[in-house]
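Quick heads-up: structures coming right below.
Each of the two complexes below includes chain A, the first together with chain B, the second together with chain C.
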Partner chain A sequence: MRIYGYLAKKVGDLTIKYSNFPESYVKKSYEQVYWKTPAGYPQYKKAQVARKKYRFTTNRPWTGQFRQQNEPGTLRKKVFLEPIRDWTFFRGDRVEVMVGKDKGKQGIVSQVIQERNWVIVEGLNTHLRVVGKDKNFPGITIQSEAPLLVTSDVKLVDPESLKATDVEWRYTEEGDKVRVSLASSRIIPIPKTAEETIDYKSKELYIDNIEKDTTADAATKITFAPKLRTFEMDIMEEMGIKEDRVPAKSYWY
Partner chain B sequence: MNTVIIKNIFRSTTTLCMRSQKSINTAAACIVKRDFHTTKPTQDLMEFFDAKKNWPETNIRVGRAWKLDELRLKSNTDLHKLWYVLLKERNMLYTMEHECNERVRLFPNPERIDKVEESMNNIESVIRERNIAYYKLETGETGERPVKDVINLIGMPEKYQPSEYDTPKFMNTRWVRPYLKHGFINSLAVKKFRRLYNEKIHSEVRKAHNRDFNHVQHLLKRFPNLDMDTLKAEYPNVDIEKAKRTKKSRGHFMPTY
Partner chain C sequence: MSKIPILINNFCKRNISVTATREGKRNFRKFVIPNKRGSVLHKKKQMTEDREFEIDKRGVRDIGYNLNGRLVIVPEMIPEIIVPNLKDFDLKPYVSYKAADVIQSEFTPSQLFDAVYSKKIVTDFKQGKLDEEGNPIEPSEEESLKPEEAIIRAKQTGSDIF
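And then the complex of A and B:
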């Protein structure tokens, strides 16, 4: 715990879901390990020298921009995050902005950055940015959204009154966990857009890689039949391997 | 005389027939097995490489890893086959990665290696699950390799995995116990090491505690609408009432808690 504790659970699970990568890959891609106990030496205690403090921003942890912002030797001020028990904001949610020049306006969440308690609302809370400025070219001005804190800057919209409301997680009679608006006690369903990842908009729209992917039918086909055999016994029987030799007596210590 | 010969011939023919029947049966079994056999007919070194048309690709997108629940639906034979499919895929990926490094190119989608490894780990755990179920039913034990909690020679708690020997312990003069008997430390050097090591651990725990306490103070200072239950759940070792009273935790607002 002391060795790896500081690396545990830094990237939010929504981020990993969005990336569509295995968790181990995301971790590997942003970690900066300077030294590690070499593999194959069980006599040495497992230890590693790694960077402890990373600055998470709107750049996703597996990207080159993230690596650039966290180059070895760069140290930035600590960011204090308000602890949140249950995350309630998802991509595609309708939210109302509670601060800034767009206070009172409603928009759709386009990005969720759990590592900083941020959401980005489409077209709201924007500033102007000049892109591609050159000696001969004045550049193009674009609008870019600034992130908003989920704890204080945005609130979900109540589906009945269409006004900002606080939200609570509750269970339905069927046992499903749902978000309930505290203003009208109506369920706020999680939008379909929430399952969007880098690779596909929704699970149904994923196009199979014909050569490499197993088809869904083959993956869900039930071929298991319970037998009173271990795996090895079953495989040996299947392959017609007969083993009649009786192992010599052995002692475990 | 003739009849005897004829009889003999018949006998031999029948045996021949039976033999041929047997050989037909075995041949049929071979054919059936070949039907299940899914390896490609080309068995040369190029099987270590990806298909040629994927070489210039920069993005080879594949699905996710096999989940435990999906593997639980599969028979042992299927798992056995899938293991080798994954093993071949992993070999292929390692080869391609090495080759890309050699030619100073970017290896497309390196997360595929992690996906394959995750699937292989999941297969192993499903098989283990099934074997444990069998052994528990038949013998009442898990059938796993036994593990003992011992104190090792430098006084640290360790998981000791016994090994298999052909001679019993009392006869085996070459075996040296790699842990302390009854966990009793009677060496001065070990005692000194343990004292210093415990001191190190103690100071690390103390530092972590102070760090958390400091962090909670800062959180209290910054966030006026902090949910105390969440804070308590996140930092169970911190005395929050004490943190609230300190000067450091006073923010520029009237606290609501």
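And then the complex of A and C:
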């Protein structure tokens, strides 16, 4: 029960990778800490009273909509998730829908929500919703996709036979971990769109911000020369600060 | 005689306590009373010498010492932030995503020793300038540095961590 609780409440790796945020920032953005023991007092152990159960949705955890859906005091029914050890679905994967009115159709994954074992396929499993309906305005009808469960509703498609197959992670002779379709033992490569994030489509296509981004050459340049000086002594020599006074002897207890 | 057991039933309701006595103790461990908290009497007492708790400086270090109830400021204790000139400085606040991950091993003290002393030790050994114990006959400036002198040099910067 405890391990399940630990596994279930973490935000998925793919979500953090997609956001380009450090994990600590993502955690801070959605956590609701009600009370903490005072810091700086060694007699009080570090402890906090915080919310543990969140309802993860199609809105990402750092968004305002997520915060609204998980306002302090809202209690939602428990969502039963199957904990998946090796995640097999990525953005840009070709996938076949197995349930619903789009059963049998194939589409490309546009969003992956690991916290609910969800995958949103482009254009499939859709429903219509009316936005902005007023007394005077009829509203705009939007076709939006509903999420599909990775374990039961959706299957990866074999790249050559274009049929739905079950997939396993196996190691190649070189030692790479790859997805292998069980029906035909063909390798299903991870699509290039999987490395897309909010900031870039792929790392090579990223355009540097001249004012704030260090270039790759400057970042990897080696400027360190070992010297027998402490950090402060090195700086004093660089800046030309001379100090002749000798400090009085002091002791640490 | 028949009335006495009735009287006992009506007001003789004392029990013997079997649990441990609390003795008025309540668990007040969780209450921290920092500077602005507490009653007026408590705060007045905190201002005098016989205060109950130490004054919480909240991580700010004093720039002097207490003499006769007054603070004597020591200019050396005022931190001076030395910032070099950042003109033509290549490193910016963020790193481009195109930069490859730099994986560096830790620079250990033994590696620093090798970088500073090893060359001279090897040349001295080859030229025969080491005596029986292995100490150099003509020590360089770094080799003749004593530990006390090194600590003094490190402390002259004003840092107190040594």
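Following the convention adopted for this analysis, the second predicted complex is superposed on the first by the 211 of 253 C-alpha atoms of A that agree within 3 Å, B and C clash if a C-alpha of one lies under 4 Å from a C-alpha of the other, contacts with A are read in each partner's own complex, and residues count from 1 in each chain.
As a convention for this text, a residue touches a chain if its C-beta (ideal position, glycine included) is under 8 Å from a C-beta of that chain, and two chains touch if they have at least 3 such contacts.
Given the structure is predicted, the values throughout are model-derived calculations rather than measurements.
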item: Partner chain(s) touched by A:241 [first = chain B, second = chain C, both, neither]; value: second
item: Partner chain in contact with A:228 - chain B first, chain C second, else both or neither; value: both
item: Which of chain B and chain C A:250 touches, first, second, both or neither; value: both
item: Partner chain in contact with A:73 - chain B first, chain C second, else both or neither; value: neither
item: First (chain B), second (chain C), both or neither touched by A:219; value: both
item: First, second, both or neither for A:199, with chain B first and chain C second; value: both
item: Contacts of A:209 with chain B and chain C, given as first, second, both or neither; value: both
item: Chain B and chain C footprints on chain A, overlapping residues; value: 199, 206, 208-209, 211-214, 219-221, 224, 228, 230, 232, 235, 238, 250
item: Complex contact set, residues of chain B against chain A; value: 51, 60-66, 70, 72-80, 89, 110-111, 114-115, 117-118, 127, 130-131, 134-135, 137-138, 143, 146, 162-169, 175, 204, 215, 218-219, 222-223, 225-227, 229-231, 233-234
item: In the complex, chain A residues that touch chain B; value: 2, 20-22, 24-25, 28, 80, 82-85, 151-152, 199, 206, 208-209, 211-214, 219-225, 228-232, 234-235, 238, 248-253
item: Residues of chain C that touch chain A when the two form their complex; value: 29-30, 32, 56, 58-59, 82, 84, 90-100, 102, 107, 111-112, 115-116, 142, 152-160, 162
item: Chain A residues touching chain C - in the complex, by the definition given at the top; value: 37-38, 40-41, 43-44, 199-200, 203-204, 206, 208-209, 211-216, 218-221, 224, 226-228, 230, 232-233, 235-236, 238-239, 241, 243, 245-247, 250
